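Here subunit A shows up in two complexes: once beside subunit B, once beside subunit C.
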Partner chain A sequence: MKLSASGADLLAQLQTVSRVASTRSAVQALSGVQVSATASRVELRATDMEVSLRVPLTADVQREGTVVLPARLLLDVARSLPRSADSVSLELRPEQQDVEVVAGHAKFHLRTLRAEDFPPLPEPGGDTVVTVPAGAFVDTIATVAKSASRDETRPILTGILVSASGQELRMVATDSYRLSVKETVLESPLEGGFEANVPARALEELRSVVGSTGAETIRIGVRANQVVFEVGGAVLSSRLIDGQFPNYRQLLPEQFEHELRIAGDELGDVVKRISLMAQKNAPLRLSFGDGELTVSAQTPDVGEASEPLPVPFAGEPFEIGFNPDFLRDGLDSIGAGDLLLKLISPLRPGLIQSADDGGFTYLIMPIRLNV
Partner chain B sequence: MRLIVARCEVRYSGRLDALLPEALRLIMVKSDGSVMVHADTGGYKPQNWMTPPTVIEEAEGLLVVRKRAGATEDRLDIRIAEVLSDVEHDMGEAAALEKDGVEAHLQELLAEQPHWCGEGFRLVRREWPTDIGPVDLMCRDDEDGWIAVEIKRVATIEAVEQLCRYLERLREDPAMAEVRGVLAAQSIKPQARVLAESRGLRCVEVDLAVLRGEREPELTLFA
Partner chain C sequence: MAKRVIAHLDCDAFYVSVELLRRPELVGLPVIVSGSGPRAVVTTASYEARKFGVGSAMATAEARRRCPQAVLIPPDFPAYREASRAVWELVRAELPVVQQLGLDEAYADLSSLERPLPALRELLARVKAETGIQISAGIAPNRLVAKIASDLGKPAGFVAIGREDCARRLADRSPRIVPGIGPKTAARLAEMGYPTLGSLQEAPVEELQERFGTNYGRDLHRRAHLHDETPVSASTGPAKSRSNETTFDTDIADHAELEAVLRKLAAGLCEGLVKKDVRGRTVRIKVRLDDWTTVTRARTIEQPTNEVEVVTAIAVELLRAYAPPRPVRLLGVGMAAFGERDAPPVRQLALPV
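Here is the complex of A and B:
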């Protein structure tokens, strides 16, 4: 294999693809990037056996071939290449079992990894194939992704339930402490549809790929246990998560004691400010009184803070505590504009929705307050 | 406890054969029938050992330790060429290792509050006997179904296999043919959870501080 490419292109594509390379596998090849050069196309590929990514590289191919190189090392080398060099060449030296990387006067020899240990990656397509607008898809991911769990001991909750059919795209994520539901109305109806629990990590990676490719559409192929996203020449695939995702509709309370319309920006600012004093797992305290909400926090040996803001509250005063980060996440996802804050009691979940029916619902469980 | 420092050859026979050639070693014989053969090097592990129940026979220059292992017999023949020291000590009641979060403590707390293992659970018995060892808790639920609960501090794949073995033995009794299994632990390894769920076992992570009443359980949208 021998090819030459622009240093900037190589670096950009390596930065994208090497995020997917494994950092923990016993199989060394999975920590590598596969460089595949044919007359018509050069591709960089990486996988950790759960998520895989193939990105194109614009390059001149002098000799076809495939090689696997350590991802982290190759990325560091690409990053360090002299800016004055017009291009960088990669040439496999089979007898030395390395690849010579030359840019300007700089020359590197990187030992190759075992190519036979690098698995074949999924091809695009699937039992069901749907094309969705990229912007709407990644915006929806961004709205709900923070609510997905990071706890691998409950794998089902580490995914985002993605449903696409007709003119509706819906994503749901929950870690059992909060639940985010975003329903996006698409401009045109989809041909086909699917529902799948996709690892949040894979969808976050998809966001990055869409960002770097600037693609306008995503072609999604769904198989029994796998999903493949084609985005502007890149192909991202991921296993799907088995098991029953929580029935979020059953979790949404039907009735609330209090429903308040509040300026989202204003509440968000106060929460962000006062949360500085909610450290070491201290809750954020929301105290509702006649026409007023006081947001306060206290951490022993650190300090305390409070700030009132006017809200249309009437009735018996009550207090409810929330995890400050979780509350902020919900408010951030609402964004600008008014929101509806719906509450029942200090031990029942609260609901935050955009007042303009922006299709976002955030259910958040409170924290017990020590009286 | 009997401690013998002797020049000896140790031959193990049974499911496999092993020979320790003659050398100076420590032979430890405990009151429960455990026998261990230690060298002066090689770390904390004995070079050979037999766990109870054992039958120990002694003759001139020979110590034989036998144990039934299913249809076969495991046997340790210790040929003693020279005794340098042979002492016996009455150790009295052993003091158990004290450790916070130890399984016995977890078992006590879960026996008092079996609902943490599953909704509606009531305790039938602690240390429910089977012919391969006791199950930590045997419970019944609202529908009078049987549930065997295995309790660990940290649940690994071995714990899952252990519970599966217990369930296999329990289900041989027609009255308990439908007994279910629950693995309760302070923490459950991800691989153990995957294996447990694939075998139809339920996993429950328990918080010791919550069990002790030192902290209220966290509120969640769902279990």
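Here is the complex of A and C:
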């Protein structure tokens, strides 16, 4: 294998692909990036056996071939190459079992990893193939992703349930403490549809790939246990999560005692300020009285804070506690517009919705106070 | 700040001393307290055994080679804990601030005593009379010098020394004499042209920082001059982690066998956690291969636990994911990220999912 490419291109593509490379596998090749050069196309590939990514590299191929190089090291090399050299060349030296990287006067020899340990990556396509607008898709991911669980002992909850059909795109995520549902109405109906529980990690990667390629559409191929996203020239694939995603509709209460319309940015600012004093797992307290909400927090040995906010509350005063981070995540996703805050009682879930139908619903479980 | 008077108190050959108290016929003989497996190490050697070059942490096999006539006694930790409690209870009753480290040493802050040296001398004599344990003491303006001083007079030492005096006295010794400067650092220092503490004191701090990083470089410079402001704190707070590990008599390559050992270790760990009523969120395994490569893997879960099923499942999964590529010499499992004791109990409710 021998090729030359622009140093800036190589760096940009390596930055994207190397994030996927495994950092802790016993198989060394998985910590590598595979460089595959054919006459028609050069591709950089990485995988951790769950998520895989292939990105194209614009290059001049002098000799075809495939090598696997340590991802981290290659990235560090690419990052440090002299700015004055605009072209970098990579050449496999089979006898030395290394790759010579030359840019300007700088020359590196990087030992290759065992190419035969690097698995073949999924090809695009699938049983169902749907093309979706990239902007709407990644915005929907961004709205719900924080609610996905990071607790590997509950694999089902580490995914985002993605459903696409007709004019509707819906994503659902929950870590059992809060639940996010975002329904996005597409400008034009989709051809075909699918539903799949995709690891949140893979979708976060997809967001950054879309960001770096600037692609306008994503072609999604779904198979029995795999999903493949084609974005620009890049191909991101992921295994799907087995098992039944919780029936989220059952979790949403049908009726609430209180329904308050509040300006999202105002509540967001207050919550952000007062949260500073909710440390070491201390809850954020929301006390509702006539026409007023007081947000307060107290951490033993640190201090306390409180701030009132006028809200259209009427009825028996009550106080409810929330994890400050969870509440802020929900408010961040709503953004600046008006929101509806719906509550039942101190121990029942609260619900935050975009008031002017942004199609976003955030269910949040309280923290039991006064124990 | 008023001048500090800090004492480092260190029991002489503690385990051996406890053994000799119940087996007086061994007094005067070389005695080694150690396990008996092929990889056992010496925990303590009597001063008679030390004359043969036997020291703590030396492989027992090596110790026997150096001193074949030594009497080998298996460790009896409950007895040592009992003796330790008796010793430090006496010390605590007399001295204002005592910070115990392990079973056989402690720091004490004597700054508030009117006549610290006679008081301490009297106390140590009483400890010796009532428990039979001899404590060596180093008395100095800070912990670092006190620690060095307690070692200078051993056994039955009582050394009071100032910082500058101590630095002068140790000037031609290796920097290793200072706690916190290990063999690797000492070797690097020697390469840089600082083979002695005296020469290291002349080293510009910038050069040390260049070689050892900003923080450790500065720390080395301060240590070389025997500066230390660490206070003696009466309690060190609750443990931050607990672990249970074992070194095999012969290396184990079989993954199933390793898993069985790991399950036992996890069960032992959880038993201890349940007894102390602590729960942690981070389960960690430690694997040392036959080539001494040491690997740790950890996973943090959201809810603190000490349930043996949960901990075992995670530990086994971590081991399977790592799949040791070579025979394993040491295997361990640990728990960290304990719930903060003072934090209010959190009652985060969850959805029924």
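The working rule: the second predicted complex is superposed on the first by the 370 of 371 C-alpha atoms of A that agree within 3 Å, B and C clash if a C-alpha of one lies under 4 Å from a C-alpha of the other, contacts with A are read in each partner's own complex, and residues count from 1 in each chain.
To be clear about the criterion, a residue touches a chain if its C-beta (ideal position, glycine included) is under 8 Å from a C-beta of that chain, and two chains touch if they have at least 3 such contacts.
Quantities reported herein were computed from a predicted structural model and do not represent experimental measurements.
> Overlay done on subunit A, so just call it for subunit B and subunit C: clash or fit.
They clash.
> Have a look at where A:Pro349 lands relative to subunit B and subunit C in the superposition and call it first, second, both or neither.
Both partners, subunit B and subunit C.
> In the overlay, answer first, second, both or neither for which of subunit B and subunit C A:Val227 touches.
So A:Val227 meets neither subunit B nor subunit C here.
> Could you tell me if A:Val55 is touching subunit B, subunit C, both of them or neither one (first, second, both, neither)?
In the superposed model, A:Val55 contacts neither subunit B nor subunit C.
> Pick one for A:Asn281: touches subunit B only (first), subunit C only (second), both, or neither.
In the superposed model, A:Asn281 contacts subunit C only, not subunit B.
> For the overlaid complexes, name the partner, subunit B or subunit C, with more touching residues on subunit A.
Answer, by number of touched residues of subunit A: C.
> Between subunit B and subunit C, whom does A:Ala145 touch in the aligned arrangement: first, second, both, or neither?
Neither partner.
> A:Ala26 contacts which: subunit B (first), subunit C (second), both, neither?
second
> Mind working out whether A:Leu179 is in touch with subunit B, subunit C, both or neither, as first, second, both or neither?
A:Leu179 sits against subunit B and subunit C alike.
> Identify the partner contact of A:Pro246: answer first if only subunit B is touched, second if only subunit C is, both if each is, neither if none is.
both
> Kindly point out the stretch of subunit B, out of 4-12, 22-30, 58-66 or 94-102, that overlaps with subunit C after superposition on chain A.
Clashing stretch: 94-102.
> Under the contact rule defined above, give the subunit A residues that sit at the interface with subunit B and also at the interface with subunit C.
Comparing the two interfaces on subunit A, one with subunit B and one with subunit C, the shared residues are 152-153, 174, 176-177, 179, 246, 251, 347, 349, 363, 365-368.
> Mind listing the subunit A positions that touch subunit B in their complex?
152-153, 155, 174, 176-179, 246, 251, 347, 349, 363, 365-368
> Inside the complex, what are the residues of subunit C that reach subunit A?
Residues of subunit C touching subunit A: 297, 299, 301-302, 310, 313-314, 321-323, 325, 340, 342-353.
> Could you list, by residue number, the parts of subunit B that touch subunit A in their complex?
On the subunit B side, the touching residues are 187-188, 190, 193-194, 205, 216, 218-222.
> Show me the residue ranges of subunit A that touch subunit C in the complex, using the header's touch definition.
24, 26, 149, 151-153, 157, 174-177, 179, 246, 251, 280-283, 300-301, 323, 347, 349, 363, 365-369, 371
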